[in-house]
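Two complexes come next, and they have one chain in common, chain A, joined by chain B in the first and chain C in the second.
And now, the complex of A and B:
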């Protein structure tokens, strides 16, 4: 009996003394859903006097959702008040900039719903991404599933929208989900994966977004140098398509080719794709064979003669598509091997897996070595169907 | 010290009573003089206006006789049309040997074996002992000159017809429910599970009420240890009156401090029959339509008889649904509180955005908001229960629609809170065992406090507390959360998923039945 009394008193004490410790109601939060980081070289910086001046001035823009803005979004959005709130602050590093924001908002900024971090072009070119992203990797409140995107031009501009009800950060993330149906979008790069890439020392690609008239568009990819961990160059849409085909990391997507006879376009829609990079080592010489297999259907064909439904003609269409894919992949390979001398396509990784000993030797100067390695393509397209009605 | 004192007292008084009874034995025995005996009876129960003393002469002879019965408890039609008629017909001619001889022939035995064609008839001589039987509906026939009287079992009080059980309705299954009449109830059981091994053993409970209580079990299935335990606990009941089987339940349960019910109550005979077939013991009490089933486990409370009547897939899915309901009913508001005030990162972003929007302007923290709504809905439920039938639905509309709607538009609570509370309330009614539903309902409040103080950590802490209590709890020697702990895979055939009847070959092994297999 006495034991139970003691336990009861203990429980009561724990409950009443602790109160609602660490509880914060959801409406008192400002959900950070997107963060844009830019270099700010024009703005004045008041904290210059502080001892930690290293000459950097970051401009951080957080996209917040607070009780007021969320209400606007849920009330049908007829009001001209925006469904989000962008707060911009500057600081000599990411965290100081974030903390400076406390002076501007009444809500407690809450990072667990962060969807996307957008890094401005200028910053990415000039600074080591490992250093820039250090805060996000340390902070417990940040999700490691937050996506990283590189902006062409200013990053903070991508977080602005013309329509008040559209929330740019969420829209951007949902656009990246469109990857299922397009080869022009790269596999998303969350912080967790980014960390691995940064540590591996390999070069890699990050999705790029550009802004025009307050409208976002996914445009190609940014090539990050594995050694300096900075942005080297951009790949355009077509080159990004080639990347997706080489990596086989896509599902749907179109390939436009031309009918040799009447030069009408044939549009092949891929339904599944697979690729395998196969390294072969003979002595000192390394070579790669990339095997690409895809199954799909004819999505559109501007031929009116009816021959498009002849099975012989199917073979021809398959050939034409294979040729076009080959052109795409060779195009991007040429660009990376010759123009930039960077392996952003994952050849090094496959060599590392199948020939770890060889990799150890070539590892340090891989990007240079890669630019001279011959790559063969074997592409196999099979058209399974030609559409519904005909 | 105190305990022992209390214990000693009743023993003392009972021995005293016993001695007294021995002394008084003489006056309560029949004397053979009808007027004196009648006086004795009248002294005992004559002051009651509902006791009738009908004096008459046996069929045209000079033999005086008295029939004593209680108005409304005995079958008046039987008395008028059968008993009185056959006793008052002309016996002189039939006998043919004169009136004087007839008097000698008219013994108690003669009436019992030749005149009254009643099934239930017995002779007795002690007045004191017969009085309780009269009060239960038997009639007593006193005969002049006889040292014995006849007790005629013609009890037939007005009772309710057998109707559909109100508290446990089923779409499929028998429409019969127990009534307040014990013999009707045993008859229902006997009719549906009529094996000779179905044992009804009778007990009298309540010092003043002397109510009949029947312990029913199937002799060659039920574990004798459990049967003995039930019987001995019933014998230990020491109370003046048991109004309802709830009294019995509370007096024989293992742990009266536990929030969980340790006996199952049901109005459905089919449910009792099914339980008996599993090797459980049923307790039926006179005067209540609710039978008790012991031992009970947590999982049994989540089973309804329809689970077995429907085909196994639908039965299993409904059972799964019930597990979901029990989870929501216990944790619903607590999870909402912990998500909204501690773990906002665990809510999907778009939901978080809409919660933020709806909670904007709500002046209370979520725990207060939840308490307001939960208490309101409990009051509504209680009010709806006690109200006269025609007003009930009106209260439902006023409560649920108007108050809910007004509270939201006034900004006192958020609409999502209303949804959470409503879903939780509905879930708690989806539990087939009403008493378990109540338990979960008040445990929910405890859980909400844990959530408000510690968030999800508190909810898990609460779950651990409850689990540790449940693991310890037993119902008549059977662990309360059997199936899960102790773990018996063979019994899982009838747990979350109800396997096809063809596969359910064994009875629940946690009850250790004498006959472990149902078939095959």
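And now, the complex of A and C:
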């Protein structure tokens, strides 16, 4: 081959191979890291539901990181500019609201890095979550690893922060990841799992977040009704602890009980937990036994009488902890069975697994059936160590 | 390009071709298409059953091909059924092969433009792909086999790594209850899973190229078994991660599974592009081997050189691939091809084998 031909091929290759067809410059992107969806408060809610008004229903808040905000964050946050940028827009559905944002920002919003979607309480109570989340399940730019959280009150407030250097959406996700050390946090619920839950028709729980003094706090769980796929009620922290113990979906966490004699607190720190829901069917009557096993250590104990940790004392501490766990699980069971008549604890699922034929008969009216089913607990705590102090 | 010259395939090469051909679009859609039929987590049993059926069909095909050493279906169908009927049969098989090639490139373009190259026109994705395929098959079966030998280990390693990363969201409970709705749905679902094992029909052609045709049955068993293993892992991990109810609503459940988690601390946090890469390679192998099979058929039936047929088929494949107007039609096209293959390669080889035995002709 002649030299000129080689050069020609080289030039052609460089021209045709170097470009990227649909490249997006990072300076021109606004990375969406969190989205809050609320009901738009202006106007009459009933009007919109009946479709009289074509006005906007959803209020969407996107938390963006852009080249400018990221720069400020890395400069130590000296300037008054925040590390994030919140943009709020309304629309008659999710996508229209998102598209309305184009009118407000110069950046191209990019959803591949979305970490969390926060749904406002009012919206979750009034709207089918399957419909609300449809856009996020459909859009290929949105990853199905994005976590879903329900906000107590306004969702957009949870994306605000008093400190300019904190990025609320990322902070929220990291907090949920603290699950390993607390029983008050539920297993994270990415869209991928949520979809199966919604589609299965069973009731389930989602992590709740609330705002306190302009900061976020994880507070209990939201109960989603499997039939209407809307928010029914909230469980508080203590009840959420009970949920974690029944489901055995946790690792660490504290149980505080009292010494029977001197009523000083004993704090048990769980290092591992396991639970098994065992259904038994006799004729038409269904009952459940929940077996909870945990191993852990004494985390803190206020008894100053100088009593050594003899095995008798350990037994006593184990008993006291077992009693406290039993109180926690019975508390939440009572609440779900009697007050709300909803099975958010996975009893139906375990019946489906071990007695599929029975499940077929009861599944249509399961939440109602569940509320009258007797549940027994057998709890076994074993303390393995007591730390560096005796 | 005469058969029986230097172009010979060793038995491992034949098995590699088989595996590469079987694994294609099904990896991404099998969990959903079978979940739709079964609506129970027992899909994995259906996959095994489908694989066994495919093995059976493969053995019949091999037994038929072994009766005519050195000859492909295009040639020996004329011997069994007569010149005209045999050629007609050959043409139908050719149409099947290039329709399948067209379907594969269409699915490829849909998935890549959705997940990887948003904004790139479909023709710009397809054309380089088709041209490289043409360049490859221009060299005959030997380069095809060599390329496939390179692609398979890459596929296996990356696939196993990526899919095992989803262990974090795997829940055994999603796969239970086992046999909750009895055995009937499993049998009903076989028609879906057996289609995923399409590719076994390539034995109608490559047995003629094998240097040891006697080992062809072994090739079928190993090739189908390996593919079955792949599919099994796929459905178990996808159903275990997303649950049957979750899979039903996904267009591409396997990609969604890989998109459902992020792993921190490794160099990459996200792995769907790795999965898509090996998947694209698998589509490429299926596309090239069907393209080659179709052009080989034309050249053998019309007794002309293969080259012009290869060039001539290129626009035909492209145009057929562009016929479906939307995604539902693409899937409908896939189903149509799949079911026609069930008849074409499930029933026909057996019929031919019986006729051939009755006529008692031995080459």
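As a working rule, the second predicted complex is superposed on the first by the 356 of 390 C-alpha atoms of A that agree within 3 Å, B and C clash if a C-alpha of one lies under 4 Å from a C-alpha of the other, contacts with A are read in each partner's own complex, and residues count from 1 in each chain.
Just so we're on the same page, contacts are C-beta pairs under 8 Å (C-beta built on N, C-alpha and C of every residue); 3 or more make two chains touch, one makes a residue touch a chain.
This one's a predicted model, so the numbers in the text were calculated from it and none came from an experiment.
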item: Side-by-side fit of chain B and chain C on chain A, or clash; value: fit
item: First (chain B), second (chain C), both or neither touched by A:381; value: neither
item: Which superposed partner A:266 touches (first chain B, second chain C, both, neither); value: neither
item: Touching partner for A:101 - first (chain B), second (chain C), both, neither; value: neither
item: Touching partner for A:196 - first (chain B), second (chain C), both, neither; value: second
item: Chain B versus chain C as contact partner of A:25, first or second or both or neither; value: first
item: Touch count on chain A, higher of chain B and chain C; value: B
item: Which of chain B and chain C A:353 touches, first, second, both or neither; value: second
item: Touched partner set for A:143, first chain B, second chain C, both or neither; value: both
item: Contacts of A:205 with chain B and chain C, given as first, second, both or neither; value: neither
item: Chain B, chain C and vertex chain A (Cα centres) - angle in steps of 10°; value: 50
item: Distance in angstrom between the closest Cα atoms of chain C and chain B, superposition on A; value: 5
item: Contacts on chain A seen with chain B and repeated with chain C across the two complexes; value: 21-22, 141, 143
item: Residue numbers on chain B that touch chain A, as the complex places them; value: 340-342, 344-345, 347, 349-350, 352-362, 365-367, 449, 452-455
item: Of chain C, residues touching chain A in the complex; value: 114-115, 117-120, 124, 169, 173-174, 176-177, 180-181, 241-250, 256-257, 259-262, 270
item: Touching residues (chain side chain A, partner chain B) in the complex; value: 14-15, 18-27, 29, 31, 33, 65-68, 70-71, 73-75, 110, 112-113, 115, 141, 143, 170
item: Residue ranges of chain A in contact with chain C within the complex; value: 21-22, 137, 140-141, 143-145, 190-193, 195-197, 199-200, 349, 352-354, 356
